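Order of writing sets the chain letters: A, B, C and D. Residues in each chain are counted from 1.
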Amino acid sequence: MAPAAYRKLAGLIAATFTPFTPQGEVNLSVIGPYIDYLSEQQGVKGIFVNGTTGESLSLTVAERKILTEEWCQKAKGRMDHVIVHVGCMSVKDSQDLARHAAQTGADGIAVIAPFFFKPRTAEALREFMKEVASAAPNLPFYYYQIPALTGVNVHVRDVIEGIEKLIPSFRGVKFSGCDLMDFGQCVSYCQADWSVLYGVDEQLLAALAMGAHGAVGSTYNYIGCHVNKLLSAFEKGDLVQARAIQFKMQELLSYAMKLGFDVGVNKQLMAELSGLCLGPPRLPLMPCPHDHAQLIVQKYHSLFSKR
Amino acid sequence: MAPAAYRKLAGLIAATFTPFTPQGEVNLSVIGPYIDYLSEQQGVKGIFVNGTTGESLSLTVAERKILTEEWCQKAKGRMDHVIVHVGCMSVKDSQDLARHAAQTGADGIAVIAPFFFKPRTAEALREFMKEVASAAPNLPFYYYQIPALTGVNVHVRDVIEGIEKLIPSFRGVKFSGCDLMDFGQCVSYCQADWSVLYGVDEQLLAALAMGAHGAVGSTYNYIGCHVNKLLSAFEKGDLVQARAIQFKMQELLSYAMKLGFDVGVNKQLMAELSGLCLGPPRLPLMPCPHDHAQLIVQKYHSLFSKR
Amino acid sequence: MAPAAYRKLAGLIAATFTPFTPQGEVNLSVIGPYIDYLSEQQGVKGIFVNGTTGESLSLTVAERKILTEEWCQKAKGRMDHVIVHVGCMSVKDSQDLARHAAQTGADGIAVIAPFFFKPRTAEALREFMKEVASAAPNLPFYYYQIPALTGVNVHVRDVIEGIEKLIPSFRGVKFSGCDLMDFGQCVSYCQADWSVLYGVDEQLLAALAMGAHGAVGSTYNYIGCHVNKLLSAFEKGDLVQARAIQFKMQELLSYAMKLGFDVGVNKQLMAELSGLCLGPPRLPLMPCPHDHAQLIVQKYHSLFSKR
Amino acid sequence: MAPAAYRKLAGLIAATFTPFTPQGEVNLSVIGPYIDYLSEQQGVKGIFVNGTTGESLSLTVAERKILTEEWCQKAKGRMDHVIVHVGCMSVKDSQDLARHAAQTGADGIAVIAPFFFKPRTAEALREFMKEVASAAPNLPFYYYQIPALTGVNVHVRDVIEGIEKLIPSFRGVKFSGCDLMDFGQCVSYCQADWSVLYGVDEQLLAALAMGAHGAVGSTYNYIGCHVNKLLSAFEKGDLVQARAIQFKMQELLSYAMKLGFDVGVNKQLMAELSGLCLGPPRLPLMPCPHDHAQLIVQKYHSLFSKR
């Protein structure tokens, strides 16, 4: 069972970057200021750590653990939700991380579909997740779907069918795909204490119309304050205003994508906009060419006047 | 220039099926009753003929012409818009059909991206469309994007950049893809007299939130009356009601897809629901197994109580 | 039944380009000299006309007919085999062209899998081909597989299982894919009077090892004389020599591909090397940038010394 | 520099399965008998351990180390080559495993392309591999390409261009793709002490014709003795005999694939044929349905008479 204090996940959740030193080692000292920045400058009250944006698959298990510890400690009293991604190719590593997240005081764990041997059926994916969840049975559990990266195209709606019987701690989905029929059916099906969160920032408004309960994404690290206004406008039924913000996000991201937007470029963009020292990405990501980041920063300022 | 009487395309447009005799020949006699059905039973006032749903690529040029003539004649005074799809692999065939559509009194023409040799760039696609449009310069011209079938993934936003200089009769897009960033950017960019219409029926609500001006799809042949309610609810800001209808559509289509939903099955479904004799599909589509159609009809009735 | 004079298809078959005037109209006057060139300069004795290389899908049915007539007439007595590709999206157009090919004296017809509505099963594809073949029952019939362009991935081995019962005139496959397990199983299964021809020129040697009876490709238009030496070397068991030629072909094509090799560039390359006036490609193919063709010509000469 | 005793990799290399207990823990006790079986029953003198077949990505780093130790120890004096796959998503884990393999006495290491963040360029992939190789600079290093599983489609030929300057210990490629143009260009380019090994067992003969120096695959665990005959036949220029064996392999694998062939099914097949207790696969692979394995075993016996 989830703890009594369980708060349903909602609103904006920033998928955090992992700070590195210039030499490429994990840099824990940036995490405190990072949380300050999110909370004070962006109005973001939830984080999703060690996910895609956090380069988790490029980290060792030991690195993921010390990062989890630091994020959880520094977030205490400042963030409403710290969700720790514990997905690995090895179910044993994932169990290890799940157990550790529970001991560390995370508010929930999430698991990506394994993607070397790709589960062919919802059943295989459910079995994998059940094994992981069983190592931290009291921690809210989320399935993290991101088919563009995993190549796993099993419908989420099939995955969550009666999943509470297999995984009593199941609490929802981070849905980072473009199949909004599948998304809508998840919203339509989901239990009262589940959250269906959307993860494709550039089309968040579409998912809100379809009933999304919140959003998890990397851009909320630096445009969270603007997207909070999008959420408010949507809440008030002001689609014109909501669209205006969404279209700016699209213009920014589409511009960045033409320059070759990956987590490395994204990390540099965050560093420039926040002033935090995030360091380079780790291989196989290549360092962001400096002028690319500069051009995107300029585009950002032309679209979103400084607050 | 488009004619003075040009009305901006909006609302629901049914992508019509092509009626065949049991022997597989074009059956013009069904077209009059078909228009009655759409107009009277479904409240649909626009049609998109000889498109994907109409199996146009499986028809000869001569067949497409007689169909165009019959649809235009029977729709006169009953439909607000008759858009004729004239896309072919051969630009010469497309020009021939465009000229014919103009002579026949169509309200507009649409062209799919050629998909054997796939245009690699927006420029190549624009050149192709320019050649076709030039054969019917006074007819509103629409680009029909459907990447799942064509494999052409050029961003529509890039295609429509300044396209009015190349194609003065350009009036919009039938966007049948799931990339709602590209879609949103089209909405954001488009000129006052252009229409950005959405073509993935099962996630229409998402596109409406993003600013869609209307919708073109096959399911509006038989659930148009319900989707008109979805449109009204959305217009009034009643997202709860709009979602309820959208979720039913998703449940129907997802059920059908598990049974192997293609244009052949879809055609049989329409025949069962409307009572029109639509005949079999043409090869390479295979006839719909009777029990599949029956099961989907039952699902339909369980979801949408008879009006 | 196939005619008594049936000769099993083998050796090198050039997939011919369609000559256009500078204005983009079919240019029949080049066809005679083209055949002279193939026969005298390249030692090629078979042609596959109106295929992918011939831009057939970009032609009208009428154009395909006059081309067929001219190729058949000029090839008489000079070519051992004239295979006419009659594949279309519309089974009716294909039947029309099949009938015409029979009347014109072609030695065989070939059909590509329809690729807008893609056959989902071998059965649907077989039904489509059966309909076409039945319009020219005395003409040897070949299935033309090219999954990279059609997106149809049905195994050829499944397509040809007992196909002689459906299509008595069936005589083989032009296999233009990279799945050499499927290819090998076709070779292993095929009847004595069938031919399994390979269509990926840059890895022909691999298919020969697997038992290919011959090859159909666009590069045999201009390196046929060299590839004939590859065939001879292979026949004699001289793999070192065969590989040396194959590696040169690979170097040429890989160089061309980095420059953006498509049928338009390929056509220009043939024009430069043969001196034939082939004209531009037709939209959606874009004209080949002149310097690209020049660079590839230089590469050609550096690899293959002039004969 | 590679050690003085370096022997160029060639011939058949079995990609070994990882034995588990029925409870899913690594079962070292099977490794000795496994090596006996390969050596005595299959005539196989090289192994590739902790690769795809060995479910390495589903193992923890610690498990991979104890497996490496056991394979190296038991192979001593019995196998000519023990290549240890050390590829991980995390470059740090890979370096750790590379260092360990060097200490353990492996004959070489191999690295798969990272496939969560997929290298976009040959350069990014080379940088990743350089980091790993630098942790074991005296150990022959091989790039393990398997695009169907990784989704990384960078041409191998581009990867190996001048790679000896970046990675002095580079000694070759395990090429498990179907692009035999790329393969041929690797063979054509490679240095005298490199090996280009092929990894798609069902079309090995094609790669041999293109100049493959050897083969690494899972089926050599149980049909190595037959494939050794294929190699001998090919060596003698007896393509008829070589094809006969290759076609049987294709028939077996194509039959298995129709039943849903994955590493789990493959492992069960090996267990049945060898009598070794290999245990179940690990999640996300599901246990092989017993009757599937039985059917494939029967097919095996019908194709390959017992020795």
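Everything below uses one rule, namely that a contact is a pair of C-beta atoms (placed from the backbone, for glycine too) under 8 Å apart; a residue touches a chain by one contact, two chains touch by 3 or more.
Quick caveat, the model's predicted, so the values are computed rather than measured.
A.B. asks: Let me check something: if the centre of a chain is the mean of its CA atoms, which chain is farthest from subunit A?
C.D. replies: Farthest chain from subunit A, going by C-alpha centroids: C.
A.B. asks: Where the centres are mean C-alpha positions, what is the separation of subunit A from subunit C, in Å?
C.D. replies: 50
A.B. asks: Between subunit B and subunit C, tell me the centre distance in angstrom, where each centre is the average of that chain's C-alpha atoms.
C.D. replies: 36
A.B. asks: So which bits of subunit B are touching at least two other chains?
C.D. replies: If we look for residues of subunit B contacting two or more partner chains, we find none.
A.B. asks: Touching pairs of chains, which are they?
C.D. replies: Touch list across chains, by label: A-B, A-D, B-C, C-D.
A.B. asks: Of all residues in subunit D, which touch subunit A in the complex?
C.D. replies: Touching subunit A from subunit D are residues 52, 55, 57-61, 63, 89-93, 96, 113-121, 123-125, 127-128, 131, 149, 151, 260, 262-263, 282-286.
A.B. asks: Mind pulling up the subunit C residues that touch subunit D in the complex?
C.D. replies: 157, 178-181, 184-185, 187-188, 202-203, 205-211, 237, 239, 242-243, 246-247, 250-251, 253-254
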